[in-house]
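Letters A, B, C and D mark the chains as written, and numbering starts fresh at 1 in each.
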Amino acid sequence: MKITPPDPGSASWKRRAYSVIFESDTRAGRAFDIMLLVAICFSVLAVMLESVRPIDARYGPILRAVEWFMTGLFIIEYLLRLLVVRRPLAYALSWLGIIDFLAIVPTLASLLSVGSRNLIVIRTLRLLRVFRIFKLGQFVGEGEFILTALKASRYKILVFLTAVLTLVVVIGTLMYVVEGGQNGFTSIPKSIYWAIVTLTTVGYGDISPVTVLGQTLASVLMILGYAIIAVPTGIVSAQMATPARPAAPAFKQVICHVCQATEHRPEAEYCWHCGEKL
Amino acid sequence: MKITPPDPGSASWKRRAYSVIFESDTRAGRAFDIMLLVAICFSVLAVMLESVRPIDARYGPILRAVEWFMTGLFIIEYLLRLLVVRRPLAYALSWLGIIDFLAIVPTLASLLSVGSRNLIVIRTLRLLRVFRIFKLGQFVGEGEFILTALKASRYKILVFLTAVLTLVVVIGTLMYVVEGGQNGFTSIPKSIYWAIVTLTTVGYGDISPVTVLGQTLASVLMILGYAIIAVPTGIVSAQMATPARPAAPAFKQVICHVCQATEHRPEAEYCWHCGEKL
Amino acid sequence: MKITPPDPGSASWKRRAYSVIFESDTRAGRAFDIMLLVAICFSVLAVMLESVRPIDARYGPILRAVEWFMTGLFIIEYLLRLLVVRRPLAYALSWLGIIDFLAIVPTLASLLSVGSRNLIVIRTLRLLRVFRIFKLGQFVGEGEFILTALKASRYKILVFLTAVLTLVVVIGTLMYVVEGGQNGFTSIPKSIYWAIVTLTTVGYGDISPVTVLGQTLASVLMILGYAIIAVPTGIVSAQMATPARPAAPAFKQVICHVCQATEHRPEAEYCWHCGEKL
Amino acid sequence: MKITPPDPGSASWKRRAYSVIFESDTRAGRAFDIMLLVAICFSVLAVMLESVRPIDARYGPILRAVEWFMTGLFIIEYLLRLLVVRRPLAYALSWLGIIDFLAIVPTLASLLSVGSRNLIVIRTLRLLRVFRIFKLGQFVGEGEFILTALKASRYKILVFLTAVLTLVVVIGTLMYVVEGGQNGFTSIPKSIYWAIVTLTTVGYGDISPVTVLGQTLASVLMILGYAIIAVPTGIVSAQMATPARPAAPAFKQVICHVCQATEHRPEAEYCWHCGEKL
């Protein structure tokens, strides 16, 4: 279901509000988007700083005030969106609508003091709303370009990920058998965790092989990880380098019977060279 | 040796079973493949969870029951495959056949209580059977695309790996001489292990250079590792970006009977060389 | 504002000095550039070595002498640049002029003993002057090629970075909730720092997940980080593989005075639409 | 100076030996190359294992025997090469000649008991001789392909490395000022070492930022490192994807005056459509 503008016959303030809130081709629309961006950043920053104990001890009340103020704005915004859209339910159930709703839920829920700690995660989901802003100017095409390339590569990437996961499970199990519990490889899931840390070249070093055989296996896994990064990279590069589709051949397959000129525009009726009727 | 369908004259249940088990273009065939996928994932999950001591202590019997049940299914499946295929031996000795067989061996071997610990690795090899599923729908072409690109790049990647290994051995030895045993570089193989950890940008930190000269050498190695990742990536990207094959040369497979000229345009009626009717 | 050569009517030594100092197509110009390169490297090396306590204890006076000597040269150079350029203010306020000025500020400021410690950073900014040298020979085109590709990709990279930052904030917060303070994830900013360390595959290991859920989340993040490196790489590869620019649109900049048709072939003499002489 | 075959008038054993030792298009030449490959691997393996104390304690004499045997072979090989080549001095002073010579020097030098420890590095340089083998079969073109792409990209890569080094020096110094000695950033060179470890995404964790500002700076550096890996990768990918040179347009720019057919083969004398003389 597409988000649809209000009925053309509806009140003019409604149509105007729709264009400001949902669109960004007017000056007011762009200003609204930028304000929204700033509000999102501030509210997420407040969430982040609240979690730092010394900052919370000193500026806690201010941060909570910012949080409430921003949530107030988001509530007004959400209600407005519901009001001006032609089919409010369709909007409320769309991806964008759900994300907009999630932006106001956690603060409201904290009034009822329900699981406020776990709700911080939902609060940061507000950041997803930033992608709304990519409607602005040059970003539309660029974001779509990346998404299109990823979408076109999705099966290839899925095959690649399956291969990586299989590799990681098999080598993880192998390392569990080779290194054993006393070197940190206490279970197969933990060994698989280590294999992922190694293959992706993250390499925390919280678990690392100690035996000669283990270090040899690890070396093989590292070189594999180093080399097969080429696969997803190659897939996406090749996808992005492929032109969308070559334009249809730009010429009319006709030769002027007077001057033998070719390469006329497809819709040409007269020869570009001698002016004769084609 | 290709896996071949049963004789067309054989019992109709055989031909039907073959199409369900080995093919995936019927609805039943697809359902079978998906069931198999689920069974594989469950049995590997059971193996993994069994290795976690607290889980094994509580749910051990359940996990082993799952394992036995799944193995039972795999045995039935394996026997069915042997039964319906035209040449059972050819199947049993093919790659797929061996992997199917390995899926049932470890559990059976545990009855005789032989080296069950080392057999866990073989159990996880069941995961390789997941790739069977890639016969399904869109995946065939995609998996093949990746394999073809890797195959076409294999000599280039081999040259690259040889260069990397040489580099790693030479710099590893250099670090062994520079840093010496007291900083963790206790032997050349260990130093080479460190060089691989560094060049592939894994960087555990279990061994890291301490002397100034060592850190300088390590910096060079890191920047090298950071830059030469471009080589395999470039190889695979270029390979994948290359169109499959230029269209077959656009020539008519005909030789002029007068002048023996070849390479005529596909729709040519006269020889381009002597003007004779083709 | 472009840096402009001195008035053609000005003293000949001025015009000669300009060509030596600002240009590099004469032999003297190139020699000057290379001397400058050497001076920059020496002065930055002196700054670096001064910070190593044992070296400073022994060679401190020598290093400071080098520093003063180089700064002397840079002052003379800066004054000369101001002198020979046609509009000294335009030069002084240009990027290059500011960097040239920054090269002499810190040493002079140390005379007044103001915050000499923080000024070391500014001293190393001298290195930026190295890019002047890229005017030399083959480097012009190459550096420009890289910059052009990056510039053309800037919106795509910005979209990508926004996605990465959102991901890192959301997963960082999730880990803060999952792991909690006792495992090092003491605040959301610190968890985000960890998420960046992990996603970029740096993996220090100063903070690493301990709980099973945390390690699972970390695994997902690592594989994401490993796979999405393909996105910027693909963007830049595709950009660089794209030929400079498709030939200018092959149309004549003329409108038919009869039928107003545009888009005529460059060599057209008659309108393709109405046959009128163009 | 090219390595040249012996005078055609010279003894036939000489010409035969040359073809076996220096070339690889005969069966004997290929066998010799493979033997050499095996000998190199064994001798380097012996060097590596000798450095492992427990192995050296038990198998030391065997390893040294292998070493002496291999060196004996290499001496014979080197003398043979000198003997059969037309201009021995040209060979001895060529890259390959020097590497061949370095393969025998360290063992001989150990007779005089000179600095045997440092000579291990030279011993492993024998590995470089492996690249001789790439004369074999398919590898010639592949190795050359990689080298050509890297050579064509060398100025771009140099510009990139200069930018990376500048970045690393400036951020390293900044971190030295921000974090200070007590957190491990004891000097600018050490901070630069840390910056390289971080930018290249190696991330040992032997030094890692502790202050908030330091961790913020480190995050920026990591994301930079993660993103700019796209630059060398893009450079090499684009280089490798570029076809050698597109073939010349395959058609004659002529129209048959009888049937108006176009697209004749470049050397066509008669129309492919109506057979008329063009």
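Basically, a contact is a pair of C-beta atoms (placed from the backbone, for glycine too) under 8 Å apart; a residue touches a chain by one contact, two chains touch by 3 or more.
Everything numeric here is computed off the predicted structure, so don't read it as measured data.
Taking the mean of C-alpha positions as each chain's centre, the chain lying farthest from the centre of chain B is C.
Just to note, of A-D and B-D, the chains joined by more C-beta pairs in contact are B-D. To overlay chain B on chain C by their CA atoms, one rotates by 180 degrees, a value rounded to a multiple of 5.
At the interface between chain A and chain C, two copies of one sequence, fewer than half of the residue numbers in use appear on both sides, so the contact is built from largely different positions. With centres set at the average Cα position, the gap from chain A to chain D is 39 Å. Chain D has its Cα centroid 27 Å from the Cα centroid of chain B. Each of the following residues of chain A touches two or more other chains: 160, 189, 192, 201-205, 225, 229, 233, 235, 237, 241. Taken as a graph of touching chains, this assembly is complete, with every chain in contact with every other.
Residues 201-205, 233, 237, 241, 255, 260, 262 of chain D are the ones touching chain A in the complex. Against chain C, in their complex, chain D makes its touches with residues 155-156, 158-160, 162-163, 165-166, 169-170, 173-174, 176-177, 186-189, 192, 198, 201-205, 208, 212, 215-216, 218-219, 222-223, 225-227, 229-231, 233-235, 237-238, 241-242.
Partner chain B is touched in their complex by these residues of chain D: 44, 47-49, 51-53, 117-118, 120-121, 123-125, 127-128, 130-131, 134, 138-139, 142-143, 145-146, 149-150, 157, 160-161, 164, 189-190, 192-193, 196-197, 199-206, 225, 229, 232-233, 235-237, 239-241, 263-265, 267-277.
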